[in-house]
């Protein structure tokens, strides 16, 4: 007998004569306490994310590239990983070219195996879009894809994320239902709620454990 | 690091280890401070008690519902994961699980493994197993890394290195890594970050645990703050997840309350920095992510707990650690005293099914049944009730069939007779009253030493007259005596 | 209902909300049975007598069946189910004779009646009905005084500072710790001060204290230390087991600080100076 058959057999045996409990999910419990007026969502998200050392900026679709340049220059960063195949990547590229920025724009356009060393040690910052945000917990939702692969938001020490204000949902449940996540998920979905951190030594919080040391969120208020 | 890591050498019994831990002022202080802080954080994370209780109730219903159709859910999970390209393996014992993991690594000719935090891999003692076969298995969670570096075991399921302070970590990094000593926690963490980053990059295989396995979508959900879990499951070409069979939940939406309960109960955070939902290996058009994803489903005694409807509730556990954070015994003796993978209240109720009650005969007794654990458990496991039940199983006649593995370990004819005597005394009123009479009358003869009691207390001296006496006299005078 | 909920911070007052939060209290009965409990019977009989006096002053006639002994808890928590059940059955028979409400000057024995007897007799449907009826009419002393007698205490004592220790069963099984607080609040000249880790167990746990004396001893030492450091002049508690544990430890440590039973404290404060009088 296989382990599988043995395990399932034992479990079925123990359940003999019982009926499954009905599904008693109560969505009010995960939604009602976590509802906000539309105008309060940004504030809620912002204050929660700032509480865990995230830098949040409110800006517009026409001035965010300028802000990115400013943020990078302030930190003396020399390169930025972004996706030229995406609209925001193109916008950034156009702005950086027009203003002759010194920061080098890098693209994640080959399998990770081809440039792992460089990605892990030389890339200083990255910029990605997001699928949306969650006001209840101060969270960004990322669905990595070919254009913005999984490691893009993890490996570089600084991660800049673009978030459209119109895509901030009240809570995770609402977002899942609104976008029908249950119908099919991509290979990886990430909820990100701050820069990487640890409290494993004496419960003292230290940021920049294994992922980004800094998370910068640009909320596009008009998008 | 590829030498075998010895299991920390421990005094063989719980009481002996407890005594040592209690005598270690530094250790006691480390735990008291940490547990106080974790309790405060949890309390602050649930400012609304009604909301908290509603959510706990829901958490309980989801887990109990999942267990009530566990075999079907496991099959559904397997089917969905397989559709998504994840290979599912089943193991009844830790040996089987280890050999499955090793087989996968061998097939890829792997020699380096990085591991995200996984209590199931601790159950398996996977590090040792792989080390013996020439595979380096490196812990990447900061706490686990520290513990592994010092050849120790975790002392807490969420905070593995909670028993150490910064000074001790600094000394460890100095001794083992040649780093300059510093008590600055930030600098210590940066040392860990640097060292492990190379490992993530070079590793052939990443191993992780699973917090929830979602049957509906074929998804593995992991929560973490550090990013090491994401690294371990994304950077190496192979990802192996190991988990217990009880981790499956029916629907994607179920994780909304469960994750909230987990992170708030464990750390007082509304959510962890990362919640990582993995539904398959890298697709042909994707540029990163593992090429292979495996899930090993481990039994290791869980079907035994499942067989008993009362004990089955143990499998509700979502491993938040709140029960140990609130446990006055754990706070004083620390995690290593339990001598097993899972310490604290959850350890006391789950270890018997894994190792056998006879391996941990003192576990059920090491509780004042104060109920703090049951009060905070986010999925409402009645831990004190289960401890009480284990005490019954502990003193059963070992010759009778046992309901719990290794039951009857504390059977003692003498003790059984003492309780029989106690029963006689308390069921025969005349006998009981004579006892009261004698005890109060000869109170000065009460022994000055009363076994272990007088280690901590003065000898108890009975009152001059019992309440039976006083009440009878008082009620006689007042004419209120029952007919 | 929310006022009964407390968070489990180290110094918070923990209460298990689900059990008793919505308990419905009856009108004040003419008579009750006092279940003295074995610890009070032998070690703190004056507290039992003071409980009787407090009840009588509220116009409630008190019965004290001489056949009563122990609720059965020591065997039950030690895993000796059959022995516990035999003793429980004996108490059930005695308490059923009059069928009167039962008042218990101890949270843990009250908890035994209300929560553990039903578990013990789950397999005997007929007995279970009687057990459930007993659970329904069992009250811890402080809750009975406050919720059923609606007592109004007039303090006659000198100003004093006291600490309150609540047993874990009162807190989590009976949900009665607020009752003790409220009773103390009625005493004008009494100031109740918090002590560090107030919601933490004193380490008694019945046979735990002799099976694990090292751990239990560490717990009671911490408890006595925080009681002494609280600035209170004495401690009161409504549970005999905790009282025996705490006072025994204080005496062993040669500390002069002591605790006493809440019933005695209340009686003394409200009745001049003849409380605790032992005949």
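Every chain is named by a letter (A, B and C) in the order it is written, and numbering of its residues begins at 1.
Operating definition for what follows: a contact is a pair of C-beta atoms (placed from the backbone, for glycine too) under 8 Å apart; a residue touches a chain by one contact, two chains touch by 3 or more.
Keep in mind the model is a prediction, meaning the values are calculated, not measured.
Enquirer: Among the other chains, which touch chain A and chain C together?
Expert: Chains that touch both chain A and chain C, as defined above, are B.
Enquirer: Using mean Cα positions, find the chain sitting nearest the overall protein centre.
Expert: Answer for the innermost chain: B.
Enquirer: Can you work out the whole-Å distance between the CA centroids of chain A and chain C?
Expert: Inter-chain centre distance comes to 53 Å.
Enquirer: Roughly how far is chain B from chain C, going centre to centre by Cα mean, in whole Å?
Expert: Taking the mean C-alpha position of each chain, the two centres sit 32 Å apart.
Enquirer: Using the touch definition from the top, list the residues of chain B that touch chain C in their complex.
Expert: Listed in rising order, the residues of chain B that touch chain C are 15, 18-19, 22, 35-36, 39-40, 42-44, 46-47, 49-50, 53, 326, 328-329, 332-333, 362, 364-372, 374-376, 385, 388, 390-395, 410, 416, 419-420, 422-423, 425-427, 429, 432-433, 436, 439-440, 451-458, 460, 462-475, 478, 480-482.
Enquirer: Tell me, which parts of chain B touch chain A in their complex?
Expert: Residue positions touching the partner: 30, 33-34, 37-38, 48, 51, 54-55, 58, 61-62, 64-65, 68-72, 74-75, 84, 90-92, 96, 140-143, 146, 159-162, 164-166, 169, 185-186, 188-190, 192-193, 196-198, 200-201, 216-217, 219, 225-228, 230-231, 234-235, 237, 245, 250-254, 256-257, 259-260, 267, 270-283, 285-289, 297, 299, 303, 306-307, 312.
Enquirer: In the complex formed with chain B, which residues of chain A make contact?
Expert: Against chain B, chain A makes touches at 2-4, 6-8, 10-15, 18-27, 29-30, 33, 48, 52, 108-113, 116-117, 120, 136-139, 145-146, 149-151, 154, 171-173, 176-177, 181-182, 184-204, 206, 208-212.
Enquirer: What residues on chain C touch chain B, complex-wise?
Expert: 1-2, 5-10, 12, 14, 16-18, 34, 36, 38, 40-46, 48-49, 52, 56, 61-70, 72, 74-81, 83, 86-87, 89-90, 98, 119, 168-169, 171-173, 199-201, 203-222, 244-245, 248-249, 251-252, 278-279
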